[in-house]
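Residue numbering begins at 1 within each chain, and the chains themselves are lettered A, B and C in the order written.
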Amino acid sequence: MAVEGAQLVLALVAAPILTGWIGVCRAVLSNRSPAGLLQPWRDLVRLFRKETIIPEGTSFLFRAVPFLVFAALLSCVLFVPFLVTDPPLAPVADAVVLVGLFSLARMLMAFGAMDAGTPFGDLGGRREMMVGFLAEPATLMILFTASLWSRSTSLPAILHSLLGAAAPFHPSLLFALLAFILILLAENGRLPIDNPSTHLELTMIHEAMLLEYSGPLLAMMEWGSQIKLLLYLLIGTDFFLPAGLPSSLSPGALGAGLLFLSAKLLMAGAGLALIETLFAKLRIFRVPEFTALAYLLATMGFLIHFVLEV
Amino acid sequence: MEESPSASPLPSMTPFSDPLDTSLFVLLGWGIAGVLGFFLLQRSRILLGPLSLLLAAGGIILASSGIRGLVRGSDLRQVLPGGLPGLPFHVRQDPLSSFFLLILGGAATGILLFSAGYLKSLPPSRLPAYFLRTALFLASMEGVFLADDAYVFMVFWEIMALVSYALVVTESDREEVRNAGFLYLLMAHFGSLLIMVAFFVLASHEPSGLSPGLSAFTFESMRTSAPPTGAALLVFICALLGFGAKAGLIPLHVWLPEAHPVAPSPASALLSGIMLKTAIYGILRVFFGLLGLGHLDYTWGVPVLLAGGLMALFGILHALVQSDPKKLLAYSSIENIGILFLGIGLAILYMRSGHSLAGEIALAASLYHAINHAFFKSLLFMGAGTMIHATGSHDLNGMGGLLRRMPVSGGFVLVGVLCIAGLPPGNGFVSEWLLLQAALQAGSLSGTLLRSAVLLGGALLVLASALAAMGFVKFYGIGYLGLPRSEGARNAHDVSAAEKIGMAWMVAGCLLLALSPVRMLGWIEQALRPLTGAPLSGSPSLTGWLWLLPLPPRGATFSPVILLGILAILLPLALLIPRLFGKTSRRQSPVWGCGYGTRTFRMQDSAGSFAQPIRHFFANFFLMKRHLPEPGEKRPTFELTVEDPHWAYLYRPILRLFQSLAGLAEKVRSGRISVYLVYSFGTLIFLLTVFRWM
Amino acid sequence: MSPPLPAHPLANYLIQFLGSALLMSAFAMLALRRMTSLVRIFALQGILLTLSTLAVAILSSETHLLFSALFTFAFKVLLLPAILFRLLNRLRIQGEVEALVNVPSTMVLGLAIVVFSFTLAGPISELASTVSKGLIGVGLASLLLSFLMMISRRKALTQVIGFLGMENALFFSAINATYGMPMVVELGVAFDVLVGTFVFGIFFFQIRETFESLDLKHMDTTSME
């Protein structure tokens, strides 16, 4: 129980801070003065204290969606190894289930957006599903490529096989890594695909879905998205930079692991901010091409494994 | 397959202790009830409710018989007097039949309960005939599952085809309905022909002297047949295409999206949810039962696998662009049958190249998906029926906002939508998960091409299931959410109690299938054991009822029950979080209208615009005709038609070919009898010459 | 035949890694639309080639490979990209690559080509020495992918880059299969490529003066007339 609780609390607390860190990095890179690490937290608290405005003509689904999405994403925290290599609940869900849960959250979000019955909601829902229909298969192909060494899609098994491998880095993982970065950007509404700092643009995706949400409901959605970003980065570090993850529960190992983890997340966040500063937003019809590239790269990683590594 | 006749248990004391007796009783009961209902309903339609309940009771009994057959693993057979002299009916209920009887009984029960309420709207003149057809349809499908010789099989198969044709043309006053029905009948006959060829080839390669005469057409003797590779390949192809025509195998699928939607909704549910599975049953029976695993080659799995993958992709892409909800569902059936084919292809490939465990998992996943599909597709067809009834429109663009007006049935449909999209913790996810686990064993195969084929199959599966999520967001988002798009949708009301009960039955089935996969896999294992000859090594009994562990010891695990438990704990926690920050008020307000004062339903996405990215990105899969308005036009119109390319590139050329051949034949037609007699005489002389000297 | 290399797992991994990176860059060329990115990717290929040549040189202690690496660096990382960038500037070719076949279809085709090359190279790889095992398939795939880019793009400059990419893939395969061709041949090829690029460059100016465009379809129509 202790580990599960710690995982939940850590993810809940750290997710907004990670988003804050990316914001800080972006601000520094573009010569603005940063708003601080805790800005997302301040935003969340402010939203939670606000009034909830329910658009007329919506059904109960509109009100239920933020909580369903939040619960689905939060449950993933329990299955991803990031404090220890074998979290007790990891056997409940393997990598495929994890992708399924992300997809569940995406579909529910689209429902919530479409329930408002506004042009923006529909547009957001449609675009989100458009990004998803190639991003989800690409994510699965990446997971499959990473699972080739362990012959199992269970995350701890993948982690052990990668930690125990003789080679520092597998060529097939090179493909998976590039695909993963593309997917990370696409799935979390980051810059070449979607602009996270916009609130009203014709090309927005994620924000368009949230347009009719307000107050605590919006806060749940935002928090959920922040947890999703954290989860993606955690899965990424598990696959591509697993070193330093403790397999025992001793306080020393846990502390060292936590230090490693924070360093890795800070690095990944800074890298993400760098990408976002360097790239301009893609035209919306280039998005399927972008995700298709990720999908095909991941598939090539799979093939490369059989040619070079077996 | 060597089962001794003594495999049947003790002689039955009561008629219901023996599953086969029970099943035959239901078969007979359905037939009698159908005829009875036909006459009773002509007098009074009040009896519709009780009569439907009677049929539904048959469904429950049949399902329980199937379950008992699976639990005991019993293999029962009987020879019934009847049919032609010297050609008695052979029937048999082995575990595979039991499994499909479970699908039939389980899904039919819900559909029949639903139709008790739904059919009230059917014109009174049509009701008796419709009832008779439904009952006969159910009975004939059961007959197909129970048949143990080619003769009985084909008799029931043809009855099924004819009765289902009659169901399709229930509303025969519409031209499109008649056309769809004709197309269906044509394809059904094409299929039957090929199936018969498959049976003939099998029968002709039986060891001589085993069973002389016509009785050689029993499945028992076909199992012993040892066809050479060429003949086995012929059987394989004929069975694949013959049953494929019924299952909607591309390019023989064109009838399916025409015929399934035009039938009344409960009939569509029967057609899509259950009848398609008879084709899968037939394929499994012929491939693994009659032909036998030993006569299959592993390379034959590759075309089945890739055909399945492409079918899944093609089906879901076309589902996405439909705006008739029932047509959308019919195309999605093609996708799901594609997934089943994919599993069967994987199974052949793995089993025949020495990886029997992975193969069995693929086959089990396929069967699992078959029963899942029976439940959620029936549920969704019922939902589509209620949508059409409530709004009076056959177009998603005439619906919208239905969840507010029909919260109960809308909620049920939501469950179906989440399940069919293959999302955890739904039942569709479990079968797709298993199939992916099997596909992931590609590494154990040898050869880049083979691995790539399996990999491609897996990739297509994943792509299709992600697209399915988008398709059903469209189905539900346009149909049930947002603002009502028509007067009918604005005035929609929720459905009758009987319809709710029918849908609730299906929802319960989906949940049971989602939450007890291990039990279900145990039954599937029973069904497959006689075909594959070995138990699943990751036998569920080893892993308890909670955990799914298909590939022990280090394979991936999944526990739907615990996952649902976790979600059930986290959801209330999430609901509590806003309370931590104090209580806030809540009010209703109009949505933000981009600065415009009015907000109309026309501002929402239409069914067509929602699918626009798909049409854009997968343009090669569609045949699109676009009419764009000219600048300065007084009444600008935009029109877009999307067509299945198979019509333009395959069927119409074939039609033209036939027409030109007919034109040629026309030339020899003079209309004078003496000339015709000359033709006959000439033919006779020619044939006699051929027989004498060739 | 060259003697088998001493097994050195780390260097092996490095070379395999570079090989996959080369394949990835060839694949990325199919997906990219900006001219300048194409040239940058080409320069990156040069760096990958230099590194892999160095690795093989150190492994096999064949000194001529060190010179090869040096030449590769000078030509393919510094000189040719510089010329290409200059061409881009002088010809004012900006913006996007024009594709004959749309990009996703090209990429799917590319994947099919990778499968094809790996299958084709399978039996050959079995015979090869430890280092090159599997890399033959990678080299072949990179070569065919570059060829695919030449076919599927419209602008003349993309064709030059595709051509250079093919040469890179060949060079990579040669280095790994046989520790490189004799120095003379390598130098010859390098100069050929260089001269070729110059000639292409001069041609471009001529073509543009005549047709006021670098689009290949204009040349098609002349040939038909």
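Simple rule for what comes next: a contact is a pair of C-beta atoms (placed from the backbone, for glycine too) under 8 Å apart; a residue touches a chain by one contact, two chains touch by 3 or more.
Owing to the predicted nature of the structure, the values given are computational and were not obtained by experimental measurement.
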item	value
Graph class of chain-chain contacts, one of line, ring, star, complete, other	complete
Chain whose averaged C-alpha position falls nearest the assembly-wide average	B
By count of C-beta pairs in contact, the leading pair of chains	A-B
Chain located farthest away, centre of chain C as origin (C-alpha)	B
Chain B and chain C, separation of their C-alpha mean positions in angstrom	50
Centroid spacing, where centroids are CA-atom means, of chain A and chain C in whole angstrom	35
Where chain A touches two or more other chains, by residue	288, 299, 303, 306-307
Touching two or more other chains - residues of chain B	448, 452, 617
Touching two or more other chains - residue numbers and ranges from chain C	104, 115, 118
Residue ranges of chain B touching chain A (in the complex, touch as defined)	400-401, 403-404, 407, 410, 414, 418, 421-424, 429, 433, 436-437, 440-441, 443, 448, 451-452, 455, 458-459, 462-463, 466-467, 469-470, 472-473, 476-478, 480-483, 547, 551, 554-559, 562-563, 566-567, 570-571, 573-575, 577-578, 580-582, 584-594, 599, 601, 603-605, 609-610, 612-614, 616-617
Contacting residues of chain C [partner chain B, same complex]	104-105, 115, 118-119, 122
For the chain B and chain C complex, residues of the former touching the latter	447-449, 452, 617, 620
Interfacial residue positions of chain A with respect to chain C in the complex	166-169, 171-172, 174-175, 178, 288-289, 292-293, 296-297, 299-300, 303-304, 306-309
Interface residues, chain A side, partner chain B - complex	45, 48-61, 67-68, 70-72, 74-75, 78, 89, 91-97, 100-101, 103-104, 106-107, 110-111, 114-123, 125-127, 129-130, 132-134, 136-137, 140-141, 144, 147-148, 150-154, 157, 211-212, 215-216, 219-220, 285, 288, 295, 299, 302-303, 305-307, 310
